[in-house]
Amino acid sequence: MSGELLAFFILALIAIGGGVLMLNMRKVIHMVVALVFTFLSIAGLYVLLSAEFVAVVQVLIYSGGVSIIMLFGIMLTRHNDRSEVSGGRLRRFLAGLGVLVFFAIIFYGIKDLALGGGEILLSGQSQGGDQALYENNTEKIGISLYTNYIIPFEITSVLLLVALVGAITLAKRDEAKELNDDE
Amino acid sequence: MVDYAWLVPLFPLLSFVILLFFGQRWRSGAAYTGVILTFLSFVVAVTVLIDQIGGSTAAVTFDWLRIGDTVLSMGFAVQPLNALMLALVAFVSFLVQLYSKGYMAEDPRIGIFFAYLGLFTFSMLALVISPNLLQFYIFWELVGVCSFLLIGFYYYKEEAKAAAKKAFIVTRIGDVALFIGMILLFWQAGSFAFADIFEAVEAGNIAPGMVTLTAILIFVGAVGKSGQFPLHTWLPDAMEGPTPVSALIHAATMVAAGVYLVALMYPLYLASSAAMLTVAIVGGFTAIFAASIGLVQRDVKRVLAYSTVSQLGYMMLALGVGGYVAGVFHLMTHAFFKALLFLAAGSVIHAVNTQDIEKMGGLWKKLRFTGPLFLAGALAISGFPLLSGFFSKDEIFVATLGAGRWILFAIALIAAFFTAFYMFRLFFLIFQGEARHEEKDVYESPGSMLVPMIVLGVCAVLGGYVNTAWFGTFLADWFGSSTNSLGIDESGGSPGVTIIATVVVLGGIYLAWLIYGKRAISREWLSGRVPWVHKVLYRKYYVDEGYHHTIVWFTSGFSRFLGFFDRFFVNGLVELSAVLVRAVGGMVRRLQSGQVQTYGTVVLIGFVVVILIMAVTGGYFQ
Amino acid sequence: MDLETLLSFHWGIMAPEFTIFITAVVLSLMDLFFSRHFNRRLFAWWALLGVAVAFIFCVTEIGSPVTTILGGTYRLDSFALAFKMLLLIGAGFVLLMSVDYDKKGEISYRGEFYYLFMTALLGAMMLTSSADMITLFVSLELLSLSSYILAGMRKNDPTSNEAAFKYVVNGGIATAVILFGISYVYGFTGTTNLYEVNEILNAGNANPLLFSDRYLIVFSFVLVFAGLAFKLATVPFHMWAPDVYEGAPTPVTAFLSVVSKTAGFAVLLRFFYVGFAQAAGLHTSSQSGPEIAFASLEPYFAVLAAMAMIIGNTAALKQKNIKRLFAYSSIAQAGYVLVPFVAFTSLTVGDIWFYLMAYLFMNLGAFAVIQVVSEKEGSADIQGFAGLYRRSPWIALAMAVFLVSLAGIPATAGFIGKFNIFLGALLSSHYWLASVMIGTTVISYFYYFGIMARMFLRPASHPEKMAFPLGAGIVVCLGIAGTLGFGIFPNAAIGFLHDYFQLGNFFPE
Amino acid sequence: MSDPYFLSILIFSPLVGMIVLAFMPKDVKAPLRTVGFLATLLPLILALIAFVRFNADMGELQFVTSVPWIEIGDPEVTNSSLYIYYALGVDGLSLLLILLTTIITALAAAASVKIQKEIKGYYLLFLLLEVGMLGVFASQNLLLFFVFFEMTLVPTYFLIAKWGYREREKAANMFLIYNGLGSAVMLIAFIVLFTQTGTMNIEKLQAIDFSRLPSTVPLAHSAFRYGLLFALIVAFAVKLPIFPLHSWMLRVHAEAPVPTVMIHSGILLKIGAYGLIRFCMGFFPEAFADFAYGLAILGLINLLYGAFIAFRQSDFKLVLAYSSVSHMGIVLLGLAALNTAGIQGAVFQVISHGMISAMLFFMVGVFYERTHTTELRNISGLAKSMPRTSGLLLAAGLASLGLPGMSGFISEFMAFLGLFERLPVLAAIGTLGIIVTAVYVLRAVMKITFGKTKEEHQSVADLRLVELLPAAVMIGVIILIGVYPAVLADSLHLAIDSVLVGIGG
Amino acid sequence: MNDLPLSLFLVLALVLFCVGLYGALSKRNAVIVLISIELMLNAVNLNLVAFSKYGVIPSIKGQVFALFTITVAAAEAAVGLAILFALYRTRGTVNVDDMDDLKN
C-alpha cells in the first residue's frame, strides 16, 4: 500500500465519518463540527489530487467561512435541541431508500472506472491534456481564470455582490421600516 | 277541360289560405267562402268528369326535385277512376260544407273549421289526381293531418285529444308501410310514376317476391287509412270530431282513400295472387268483425263508424277477389249513403244533443225530413233491393263467388245480415218507440243542413243505377274502355246470388224489427244467455285493451328503460371520468403537503425510478 | 492568451448584457447615494430604460454571424438572440408591473428589488448565450440566487419567507444535482465547452472507451436534466413551484413563471441538443449500431412531459388561490413546451420559441391582472375575481383573452403555439403524447373557464369600480396586443423568426 | 364569381354591429336590442346576395380567397417552407349552410328581445358567435375551419353560462368539455393529415387519393386511414351528437337561453353533419364506405334511442333535445346510404332540422315567457288563450314529425330513399322511428295546446307582432322547402356529386 | 507520480453526495439542511478535481470549475442563511417541518 493510498483512506474515512456523524448527532452544533472534519479532509484529498490552490480555498471558505456562518446561524436561531420528531418516518425511509438506490446505480458504474488520459482527442486539439497539474498550480489557475473564464469570473463577482446585498437585505433587522413610517 | 283538372284542388286551397288568415274575423263569411269555392271546384270536377267520360285523358308533370340523375316530378293525371273520385269528393265535400254552415253556425271557431275543411278538400282532391306515388303519399299524409286536426277540433275535450292522437299515430303506422313500399317500388321501377311502375310490373322487371312484398306494404298503408283490421281502432274514436267531419272524412272520402289506393295500384296486385288473397281476407274479416261490433254499440256515430269499417272491408274484399269495378262502385255508393247517414245522424244529434241511442227514440214525428232520409240511407246501406247499396253489394257477392272464395262469400253474407240488423236497430231505437231523451224542444234542422241531406238521399237511392246487371254496366264499361290492362272482366249479375243476398238483408231488417221495433224478442235475449259475447262485442273484442297492454306497454317500458340507461349509464360514464380527473388532482394535492423535504423526496424517488428503469431496461447491470 | 487576444474579441456582442449589468450597478449606486426619501419606485423606469437599451442592442445584433468569445464561454447565435429578446420583453413587462406593486410598502428594500431583478435578468441572458458549462453554471446560479432573494423580498410576510426558503433548499439540491451531472460530463470529455462535448461524445466516433461508459454518460445527463427540470418546474421536479409562486411577491412570481422558465428552456435546449443528443444511447442494434442517447431518453422525457401536463392540469382544478392555480398552470405549460423538446423535428426550436413568446404575453398579462386584483382585494383568493366584469369590464375582458389564450383557443397566440407543437409532435409520430397534450388541454378549460365564470357570471362582493394603474395597464395592453396579434397574424412572429434568424446555426456544424 | 373579398366581408360583417354596440352605453336597452338585431341583418343580406350571385351550374368553389397565413417550418432548416392559407370559398353546401346561419341568427336575435340582463354583452357575444359560424362554413382550410370552430365555443359557453336557466353553469361546462374534447380529436386528425400530405386545403385534400401516396406515408395504409377517419367521426359525433356522446347536448338544450338553443340546435349541431360530409366522406371515401354500415347502425340507434326517450320526458325542452338526437340519426342514416338521395337527404335534414328546431325552441321561449314553465304537466290547453301560438307550435311539431309539405318530410324521405337502396333492412327498422317520432311530438305538443286550460293560463296573451314575424318566417321557410325543395337542391347537387365521386357511387 | 485509481475518489464523492442528499431530505433543522447541501456541493467538487487529474483529458478546467463552485456554494449558503433568519424572525422556528403554510 502506497503512502498516497494510505493517505487517501485516512482522509476518506474522516470525510465519510464526518458525514455519518452529521447524520447521527443529536446536537446541532455537533453536526456542524462533524462536517468541518469532512470539509478539512476533502481539502486534504485535493492536495492528493494535485490541486493545492483549491485545497487552500476549500479550507478557507468551507472550514473557515461557511462553517462559521452556519454556527452563527445556529446560535442566532436558538434551536432547542429537541431531537427528531417522530413523524415523517415513511418519508425518511423513502428518502433513504431513494438515496441508496441512487448510490447503487452510480456505484455500479464507477466502481472500477478508469479513464486513461489523452486517448480521445479533439479534432482541433493536439496536446494530450495537461498531465502536470501540480506544477505552478496557482499560476495556471490564475491564467485560466483571467483568460478563458473571465466572463464567468465576472459573473461570479456579480453573484457575490448579489449574495452580499441579499443577505444584508434579508437578514437585517428592519429599522428602516420604522423610519419610513415617520415620513 | 281535363287539362284544367288542376283547378279542382286549387279552389279549396284558396279557401284554406283565405280562411286561415281572415277566417277568425268573418265567421259566417267563412262558411260562404268555403261553400262557394268548393262549389266552383265541384263544377270544374264535373266538367272534367264529363270530359273524361268523353274519352279525353290528361297527364301533366313538371320537375319538382332533382336527386342526382333522378328527377322527381309532380303533376296531375286524369283517368276514369280518378275523374270519378274527383267529382265524388268535390261533391260530397261541397254538400258537407253546406251542411256545416248550419251545423257549426254556433261555434266560435267556425273560421278555422272551414279552413281545415278547405285544406282537407284540397289534399283529397290533389291526392286523387296524383300521377305518381310520391305525390299521392304526400297528400295521403296531408289528408291524415286534416283528419287529425278535425278530430281534435274540440281541443279542450280530453277524448277528442286522445282520439286525434290515436288517429294520427295508428294511421301513421300504415303510412310508414306505404312509405316503405313506395320506396321499394321506386328502386325496383326507377320511378314513382304509376305508369312506370305498372310498366315495370308487367314487363316482369320486378321479382315476384318483391311484388308481393310491396303490394302488401302498400296494402298495410291502405289498412291504416281505411280502418281495416288490425288498424281499425282509430276510426270509431275519430267520431269525437264534429259530425260533418265524420261524414266527409271518416265515411265518404278519406277513409275510402285506402280502397282507392288499392284500386289505383291494381296492376301490382294482379301480379301477385298472395297479395290479392291478403287483401280479400283482411277485407272480409274486417267486414264481419266490424259489423259484429256495430251490433251492440250505443253511440250512434260509433255504430256508423263500425259500419264504415265494415263497408270498407267489403270494398277491400271486392278488390281482393278481383272485383275491381265492384269495389270502386261500392266506394261510390257508400260515399253517398254513409255521408247521408252521418249527416242525418248529425241532424239528430243536433236536435237532441246526445249521441247515445238509448237516450233517443220517437223522433220520427219530430224530425220529418231527417227520419225518412235516415231510413233511405239505412235501406241503401243494408242493400235493400233497388237502392244503390243493393247493386254494389250484389256485385261484390258476385265477384267473391266468381273468384271461388266460398268462405269469404259466406262471411260477406253474414256481414250483410249484421249490417241490415244494426242499421235497423239504429233506426228503430232512434225514430221509433217512446222518446227517452231529455231535450224538451226538438226541432228539425235548418235548410242548409237539410238540402245536402236531400241531395245525398237522392244519390243514395239512385246512385246504384250507373252500374247494374239489369240496366247496363255503364261504370264497368267506362273503366274497361280506358284501362284494359286491369283485365276487368266482370261477370254480369247472377240471379241466385241476388236472391240469397236479398233474403239475408230482409232477414236482418226483420230481426231488428222484431227486437227493437215490435219488441217481440227481448233485447236481453242474447246478452242474457251468453253475456260474454255481448261484453266482448261491446268492448270491441278488447282490441284497444290488447294494444294497450302489449304495444303501448312495451313502448312505454322500453322508453323508460332507455331513459334510465341514458341518465345513469351514459351520463354516469361522463361523471365517472370527471371524478377520475378530480381524483388525480386530489392525489397531487395531497402529495403537496407543504413539507419541503417531502418535495425533495418525491423528486428523488421520481428521479431514481427513471434511472432505475433506464438501467434495468438498458442492460446496465450486466 | 494576452491582453491583445482578449481585446481582439468582439466584446460588442455582449452589449445587451453589459447594458443590464451597468444598469444594475447604476441602480445599486443610486440606491446607496440617494436620499431615503427618494421614491425608489421610480427605479423601475430606470431599469426599464436599461432593458429597452439592451433590447435595442439585441435588435442591432440581428443577422450578425455566430460569434464566440473565449473559446465558447460566450456564444452569440440566432438562438441566443431570439431567446434574449424574449427575456428582455418579459423582464420589461415584469418591471412595468412592479411599478405599482405593493402600494402598502411591505417591501422596504425597493431599490434592492430592482437591481437584484437586473442581476437575475443578467443571469438569464447569460444562460442563453453560454456554450460553456462553467459559464452556464455560474449564470444559472446568478439567476437562482437573485430569484431566491427576490422571492423573499416581502421579508415581514411569513409566506414570502417560507417561499424563499423552500426555493433555496430545493434550488440548492437541484444545483448540486446539476453539478454532479456536469462533473461527470466533464470527466468523460475533459472539456466544459458544449460544442466540444458534442464532438467527443458523438456516437459516430464510436470511441470504445466512452461507449462502454455510455450508461454513466446517459445518467449524468439525466442528472443535469433533473436539475434543469427543477428550474422549468416540470414533474416530478415541480413541487416547489406552487408554494413559491404563492408566497413570492406577484411580480417575482411572474418573473419566475416566465423569464426564468424561458431561460431554463433555452439552456435545456442547448445543453441537450448541442452537448448530448448525439452521444451513444443505451440500446444497440446489430444493424445500425448504437442508437443516439436522445433516442434512448426520448420515451422518458415524453413520460415526464405527459406527467407535467396531467398533474399540472388536474391539480389546478381545485385551487383556491389564483397564484397557486397559475403555478400549476405553468407546470402544465412547461409540459407543453417539453413536447416539442421530446418530439424533435426541424421545427422544434422555432416552436418552443414561439410558444414561450405567446406564453410570455398571455401569462404576464394575466399576472398583471392578478397582481392588481389581489392587491385590491388584499388576498390572492380566486374569489377576488368574482364580478370583476362589473367592476372593471375591460380588465375582465383582457383577462378573458389571456385565459382563453392559455387554454389554447384559436385566434390567440396560445393556440398557434399549441398548434405548432402538435404539428411537430404529430410530424414525428408522437401520437400518444399529442393526445395527452390535447386531452389535458381540455381539462384545463375547466379551471381557466372557471376563473372566467367568476369574473363574468358571479356577483361582485363589493361593487366599487377598479381603476387600473399605469404600469400594469401597459402590460395588459401589450399583452392583449401580443396575444391577439400573434394569434391572428402568427406570421408576424414566425416569419420574422424565419427571415432574420438562422436557428440552424445553434447546432454544431 | 371571382370576388375575393366578398366572403371575408360576409364572415366579418357582424363585427360592424359589434363595433357599434361597443360604443353604446350599457343601459339603453331598446336601442341595444335594435342594433343587435339590425346587425344580424347585414350578414343575412350579404348571404342572400351570395345566394343570388352563386352560379349553381359551376362545379367549383366560388368567391374564393387564398392568402398565405402561417408559415410552417424554417426554410433555412427544412429546405422547404409550407404555408397554411387563409382560404375561403363556398360550394352549394357551404352556401346553404351560410344562408341558414344568417337566417337563424337573425331570427334568434329577434327572439332575444326577452333577454333582460347585460344586453350589450349578450349581443356582442351573439355576433361573435355568428362570425365563428359563418367562418366554419366558408373555410377552405382545415386550420381556419378549426379556428372558427373553436371561436364558436367561447361565446356559446358564455351565452349558456350567463343567460341560461338554473343549472346553466354546469351545462356550459359540459358543453365546453365535450366540445373541447371533440375539437381536440379533430385537431389531431387535421394535423396528422397535414403532416402527411403537406396541405390543409380542403379541396386539395379531397382530390388526393390517399391510397396512391407512397407507402412510406402512413396515410397510404388503409388501417391508418381507418384510424384517422374514426377520429374525425368521433370529433364530429360529439357535435352532431351521436349516441353515446349526446348527454352534453341535452343539458345545453335544457339550460341555455332560448335564442342560444335556437342557434345551437339550428346551426352548431349542423357543423357536425357538415364535417361528416366534407371531411369524413370527402377525404376518406373508401374508408367511409366501409364504415357506412356502422354509421347506419349508429344512426339507427340515435333515431330510435332519442325518439324513445323523448317519449317519456316531462320537460318540453328535453323532449325537443332528445328529438334532436333522434333527428340527427336521420342525417347519419342518409350519409350511410352513400348515394345521392341519402346525402341530399342528410343535407336537407340538416337545414330542415335547423329551421324546425329553431322554431320549436322559439315557441318554447314564447310559452316560457308567459307561463314560466316548460314542464309538460304544468301546461295544457293553451290553444284557448293563445290560438296562434298553439297553431304555430302544432305546425312546427307536424313539421318535426315529417309531415309532407314541410321540409322535414323531404329530408326524411330522401334519406330513407337513399338508405333503402343500400341497406333496406336497417332502413325498414329505421322507419319505426317515424312512428315513434309522431308519438312523442304529438304527445308533447298536444299536452301543451290541447286539453283543459289551466286556471292561471286562461288569460295569457297571444303572440305579439315581434314574435309572430320570426315565427311566420320560419314556418314560411319550412313550408317553402317542403313544397319546392328544388330551391335548395339546385344549388346542392354539384357539391354532392363532388363528394360522391370519391365513393364511386 | 503514482496514480490512485480514479474510482476511489468518485466513490468517495458519491458517498458524500448521498450523505448530503439524505441529510438535506431528512434533517429537521433548517441550518443542517443548508449545510447538507453544502456537503453535496463539496462532493461534486471532489469529482471535478479528481476528473481534472484523472479524466479523459486532464486539464486545469476541473480545478477552475471547482473554484467557481466553492464560491457559488458559499454565496448560496449565505443567502440561504439570510432567508432562514428572515423566516425565523417571522415564524420563530427553524424546524423545517413547521414550514408548511403553503401547501396543496
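Labels A, B, C, D and E are assigned to the chains in the order they are written; within every chain, residues are numbered from 1.
Operating definition for what follows: contacts are C-beta pairs under 8 Å (C-beta built on N, C-alpha and C of every residue); 3 or more make two chains touch, one makes a residue touch a chain.
If you're wondering where the values come from, they're calculated on a predicted model, not measured in any experiment.
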Subject >> Interchain contact steps from chain B to chain D (minimum; 1 if touching) >> reply: 1
Original post:
If you check the contacts of chain D and chain E, which chains show up for both?
Top reply: B, C
**OP:** Could you tell me between which two chains the number of C-beta pairs in contact is largest?
**Re:** A-E
**OP:** Would you kindly say which chain has the C-alpha centre located farthest from the C-alpha centre of chain E?
**Re:** B
Subject >> Longest centre-to-centre distance from chain C, chain (CA-based) >> reply: B
**OP:** Compute the distance, rounded to whole Å, between the mean C-alpha positions of chain C and chain E.
**Re:** 25
Subject >> Gap in Å, rounded to a whole number, between the CA centres of chain C and chain B >> reply: 78
Original post:
With chain centres defined as C-alpha means, what is the inter-centre distance between chain C and chain D in Å?
Top reply: 42
Original post:
What whole-number Å value describes the gap between the mean CA coordinates of chain A and chain E?
Top reply: 5
Subject >> For chain C, residues contacting two or more additional chains >> reply: 134, 137-138, 141, 145, 148-149, 152, 155-156, 164-166, 169, 173, 187-191, 200, 209-210, 215, 219, 242-243
Original post:
Mind pulling the chain D residues that touch 2 or more other chains?
Top reply: none
**OP:** For chain A, jot down the residues that touch at least 2 other chains.
**Re:** 88, 91, 95, 99, 102, 105-106, 109-110, 113, 115-116, 119-120, 122, 129, 149, 152, 156, 159, 162-163, 166, 169-170
Subject >> Touching pairs - complete list by chain label >> reply: A-B, A-C, A-E, B-C, B-D, B-E, C-D, C-E
Subject >> chain B partner contacts - residues on chain E that touch it in the complex >> reply: 21, 24-26, 33, 96-97, 99-104
Original post:
In the complex of these two chains, what residues of chain A are touching chain C?
Top reply: 105-106, 109-110, 113, 115-116, 119-120, 122-123, 129, 143, 147-152, 155-156, 158-159, 161-163, 165-166, 169-170, 174, 176-177, 179-180, 183
Original post:
Which of the residues in chain C come into contact with chain A in the complex?
Top reply: 1, 5-6, 21, 24, 28, 36-37, 69-71, 73-74, 105, 108-109, 112, 115-116, 119, 122-123, 126, 132, 134-135, 137-139, 141-142, 145-146, 148-149, 152-153, 155-156, 164, 187-191, 196, 199-200, 207, 209-210, 213, 215-216, 219
Original post:
Across the complex, what residues on chain B touch chain C?
Top reply: 581-582, 584-586, 588-589, 591-592, 594, 596, 598-600, 602-603, 605-607, 610-611, 613-615, 617-620
**OP:** Name, in rising order, each residue of chain B that touches chain E in their complex.
**Re:** 589-590, 592-597, 600-601, 604
